[in-house]
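Common to both upcoming complexes is chain A, partnered first by chain B, then by chain C.
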Partner chain A sequence: MISWLARRLIQAVAVVLAMTVIVFIGVNVIGDPVAVLLPPDAGEDERLRVIAAFGLDRPLWEQYFSFLGGALRGDLGRSFVFNEPALTVILQRMPATLELAIAAMLLAVLIGVPLGLYAGVRPNSRGAKALMAGSILGFSLPTFWVGLVMIMVFSVQLGWLPAGGRGQTAELFGMQWSLLTADGLRHLALPALNLALFKISLVMRLVRAETREVVPQDYIRTARAKGLAEGAVIRHHVLKNTLIPVVTIVGLEFGSVIAFSVVTETIFSWPGMGKLIIDSIHLLDRPMIVAYLMVIVVLFVLINLIVDLLYTVLDPRVRLEN
Partner chain B sequence: MASTQPMPPAAPTQSSAGALHRTPLQRALRAFAGSRLAMLGLIALAAIVALAIAAPWIAPQNPYDLMQLDIMDGQLPPGSTAATGMTYWLGTDEQGRDMLSAILYGLRISLLVGFVSAIAAAAIGTTLGLVAAYSGGRTDNAIMRIVDLQLSFPTILVALMILAFLGKGVGNVILALVIVEWAVYARTARASALVQRRKEYVEAALSYGSSGLRVLFRHLLPNCLPPLMVIATVQVARAIALEATLSFLGLGVPVTEPSLGLLIANGYQFMLSGKFWISFYPGIALLVTVVAINLIGDRLRDVLNPRNAD
Partner chain C sequence: MKQAFKSLLVAGLVLTGASLTAASLTSARAEPLRIGIGGAFTSIDPHFYNATPNHSVSMHIFDRLVDRAPDVSLKPGLALSWKTLSDTVWEFKLRPGVTWHDGKPFTADDVAFTYERARNVPNSPGGFGGFLRAVKKVEVVDPLTLRIDTGVPAPNLPRELAFVPIISRHVGETAATEDYNSGKAAIGTGPYKFVSYTPGDRVELTRNDAWWGAKQPWDKVTLRMITNPGARVASILAGDVDVIDTPPAGDLAKLRADDRVRVASTEGLRVIYLALHSQEPVPATITANDGKPLAKNPLLDVKVRQALSIAINREGLADRIMHKTARATGQWLPPGTYSYATSVAVPAFDTNKAKALLAEAGFPDGFKVTLFSPSDRYPNDAATAQAIAQMWTRAGVKTAVETLPWSAYTGRGGKQEFGIGLWGWGSPTGEAGYLLSNVAATNDAARGLGVFNYGRYSNPELDKQIVEALATIDDDKREKLFVSAIEIFAKTLPIIPLYTLDNAWVTRKGITIEPRRDERTLAVDARPAK
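Then we have the complex of A and B:
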């Protein structure tokens, strides 16, 4: 176990290092860092001064190591737009994104699992068939367009829910959360549902497939034979055995929800990391882009690591050798 | 099943013979046609592709010829009549552009980006996957490491990163989509090639002196096609949706070549004032396209999956 964990950690560090190289090459070789730093009417001497001031005349590997050194100390550069350390700005925005992602994942499980169970227990019923067709729609609906339609219907036409922003927040552990106030929840409802839509279909299909594998098993027949009520069979025997893959998917998809929150945050003006990166790309705020990419890489490597660990804990049959 | 037997290069036609004599391809086609939803998807997709190709001839106006636009007709609701007597069936945008024409032209860009990127990604990914399975050892290890790295990050994030480096443009979007998608093909091709490699027909081909390349592309590739076809269908839909998303975020195609995603983005600001049609109808076009392709993909998965063979 410990040697497996050590190997896994080394792999994680290697992935992060590889990504620093890719991001560095992307920004400094494919893009032109000088052009971004200069006003459009700058002369040649101004150009040379900027190149020297930012150390862009040094060999590339030297620049890379100073970038890496800075990253290790938590220094990912200063944002041109906010004039603050880029990392600080991102960390300020992170709770909003995490909150949105957690709310979306919760919705996906709370709606997807019961629907999937139903479709799996009665695969030939009309409801199940409608759900399966609906899930194709759920996969196909472009998230951003659904977000627009939601705003159109619930905010503009019906006026039930606000179209943007976080609303009122309350402080917990030194961070601001919309989940804790009624007004915040009202603001959270539409974006969270929007982000969850795709995952609801995914969880539903997964639970349905698992249920269909579990239902014909002998232990289900035994449970029924000993006279357990159908509801109890489903709750205690079917549901429990379908949950391992659900846990894995929730873990794996959590990262994808954070990534796709870029879209939802832009539509609903949710002030999280995703909206920040899109704004930064439009404003060519390069230190911000680099910092965001590095933070998200570390976040993903961590999530993957945790999912792997959870998986081995939940399912003892998973071998750790490779 | 197609996966257990090489695809016949030129199948002898035995139309009158029973089901036993049908080629795997014929059997798959018959099974596919058994689903009404899938056939509906196929017909819808064919119609959409035809409309997109014929756009310059059937669209009521050329939406990008500024001479044909009348700013006085801006933001008209669907069904309004222009000064020239033309009817704007789906309304107009803020520049007086007929939305129906804009959608037909937008479909061209969306479909082009989707199909070109999926085909390029399929060619690159499948080749690398087959090479990995065939050579094994270090080559295999190196290719699959990159695939794993790639697949551990969500598609939108990778595409976002590439476009942040490269800037917008149709070519850049296609490049980003290819980089995002090739790994899926590589993994699938490798997995099925590893199974096929151990089969006797591969050994037979090698023993009568076929070169490695010939074995790869003449023998392994055709037998790995069924799962790849399913992936390819789904990936076209995903590419179209992803391109629309990127364009909506302002990172995709430039304003001079608007895809459906960009049309939706342009109407976004008018949505809050109740002028829904500028965003709504391009979205419907996008939705119908993606649903049609996904319906086809869903049925292909059922038909081509050996576990479901009866």
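Then we have the complex of A and C:
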């Protein structure tokens, strides 16, 4: 276990290092931030001042190593447009994205798993067929379109829910959460549902497929033969054995929701990290882009670690040493 | 029982008192105003970043020495009057009795401090130095009199000072950008006081009852950042906000027909134009019809420039591509603005004459060009470029279009990599000199001329006219010089102007807003409809 963890950590550091190189070179070839940021009337003296202030007059390798040195001390650079440490800006936005991701994944699991189980256990029932057909819609309709339709219907036509933005927040653990207020939940409902739609379909289809594989197995037949109630068979034997791939997918999807909820955040004006990275790319705010991608890489490494650990809980046969 | 009666009585009294105060508050109109802003504002520090959304936010909290009406004419701000003592010295008389949001009095010393600080904000990605370039020395004569020495004649000084928000010495001296964002240093003299700022999301403000200007109808103002145009329109239709700026051109017709909202628009100060590479050698993207290089750059020939200009159906662009949100122009300011040349008409669309001009210039069969355009910077920029390409091709100049995202476009354009590029230029000063000196004058970094002359066009006759105008203090004389510069411009075409963009706002029914030429979105321009 310890040696496994150590190996994983070394791998993680290598991945992060490789990412810093790729990202750093990448952002340095896509255009000139000074040309984007400078106001139209700025003169040459102003231009040179900005270039020097951002350290863009130094060679790339020098910029890279000073970034690396800063990163070791927890300083991922200073945002060009906010004039605040990039990490601070990201952490300010994190609760908004986290709660959106948590709400969406909760919806996906709470709706997707039971429906998938049902469709797997009774594959020929009409309900199961309807669910499968519906899930195709959930897969194939583009998120941005569904989001816009939801806004048109629920906000503009019916006026039930706000069209966007984050509601009132309350403080918990020193961060601002809108999950804790009624107004916040009203604002959260549409974007969370929008983001969850694809995941619900995904989880449902996955659980259904796994269930269909597990149900004909000998141990299920044995469980039934020894007289266990059908509910208990499904809860203890079917569900538990379908969950390993589900946990993997949910973990990865959770990461991608946090990292790439750009579309939903933009449509619903949700002030999270997805919107931040898009705005930063538009303004070529290099330190912001680099810091963001670093945070995301670390996040994915952590999620994968947790997923691997969860396997051992779900299936005692899994050994981490291998 | 007696005890209960007594407490009931007390409660009743308290309630009457409470309802009385509530009544007196509502009589002084207490309504919140929620504004959805399309641009991304990045700081509360008024001198950190010179960009329109940041200006919109800071103009609520801070005042300027000189203020601008929605039609960009100048009016008194923190200065009641100003005059020149000589060609290079200006005297400003300040408004008496103005106080900061923290109650301290405003004096000329605060202005002197501001003009020092505004040019030296650490890490600013584009600051206010440009507006203060003319300010050489600031002298505080007495608490309400200020003299500014400009060294050389600077007729535009009041217009430039209208961009610089005034901060106080007592708060500003020790404050960094973070202190403004946290609200600690967000102490202005303006119509609204700072309440809170959530980066990337919103700014909350409350009315400053001690403001020197007219009494404001809104007790609270929320500025929300809604950068996606579709989301902005949905928010106003759903009633989440009361005002939005920059509605997408394609939605305007529908919004005008919707009786839940009103649309207010005015001619803006931004022109969309084409910059032609005006130096040898010939850019690689301009070739003969068979793809072979040309001996000399055809764009240097004024006949070719004129041909390219009249081959464009400007009215058609404004009408169809821009959905009537733009106006065809042969110059760059809306009619009626100071220094607009009534003698210069919109170039008439004439494909045959364009062909004839090309033949006269030695290109009877035309040539081949690539028209570069950003794809995400100006409304319908790429569509405009595609339409122009078709018009030019019809006139014999075979045109291909290449579009790029702005972040990549601007860097390449700055290095003169485009033969022909589509650009926009705002003239927030509301006078012709801003474009003439930055875009049309010969590139001369040392003198700060032609900094944005992307085509590196050069015309000494025009330069002379521009330089003379820029040094003329008398407004009427300067206007005459500008007009004759625009007449030279129209004959020689340093750039090919296409159309000016309208600025539009959408408000909920029950609210009106006075549309501004300078693109700022301000609560002081909004009123409850009668």
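What to note about this one:
Assume the second predicted complex is superposed on the first by the 261 of 322 C-alpha atoms of A that agree within 3 Å, B and C clash if a C-alpha of one lies under 4 Å from a C-alpha of the other, contacts with A are read in each partner's own complex, and residues count from 1 in each chain.
Everything below uses one rule, namely that a contact is a pair of C-beta atoms (placed from the backbone, for glycine too) under 8 Å apart; a residue touches a chain by one contact, two chains touch by 3 or more.
Since this is a predicted model, take the numbers as computed values, not measurements.
Using the contact criterion defined above for the overlaid structures, shared-chain residue A:T143 touches chain B, although it does not reach chain C. Of the two partner chains, neither chain B nor chain C is touched by A:D57. When the shared chain is aligned, chain B comes close enough to touch A:V27, but chain C does not. In the superposed model, A:A18 makes contact with chain B only, not with chain C. When the two structures are aligned on the shared chain, A:V89 is found in touch with chain C, with no touch to chain B.
In the superposed model, A:I277 makes contact with chain B only, not with chain C.
Applying the stated contact rule after C-alpha superposition, one finds that A:L293 touches chain B and leaves chain C untouched.
Of the two partner chains, neither chain B nor chain C is touched by A:E213. Applying the stated contact rule after C-alpha superposition, one finds that A:I151 touches each of chain B and chain C.
In the superposition on chain A, the residues of chain A touched by chain B in one structure and by chain C in the other are 30-31, 148, 151-152, 155-156, 163, 266-267, 281-282. Put simply, chain A touches chain B in their complex at residues 15, 18, 23, 26-27, 30-31, 133, 136-137, 139-145, 148-149, 151-152, 155-157, 163, 255-256, 259-260, 262-263, 266-267, 277-278, 281-282, 289, 293, 296-297, 300-301, 304.
Every residue of chain C that touches chain A in the complex is listed here, in rising order: 40, 42-43, 45, 48-51, 122-127, 129-131, 133, 177-178, 181, 198-202, 224-228, 230-231, 234-235, 237-240, 376, 406-408, 410-411, 414, 425-426, 434, 438, 445-446, 448, 451-452.
Within the complex formed with chain C, the chain A residues making contact are 30-46, 49-50, 53-54, 78, 80-84, 89, 92-93, 148, 151-152, 155-156, 159, 162-166, 266-269, 271, 275-276, 279, 281-284.
Those residues of chain B whose C-beta lies close enough to touch chain A in the complex are 37, 149, 152-154, 156-157, 160-166, 237, 241, 244-245, 248-251, 261, 264, 268, 271-272, 274, 276, 279-280, 283, 286-287, 290-291, 294-295, 298.
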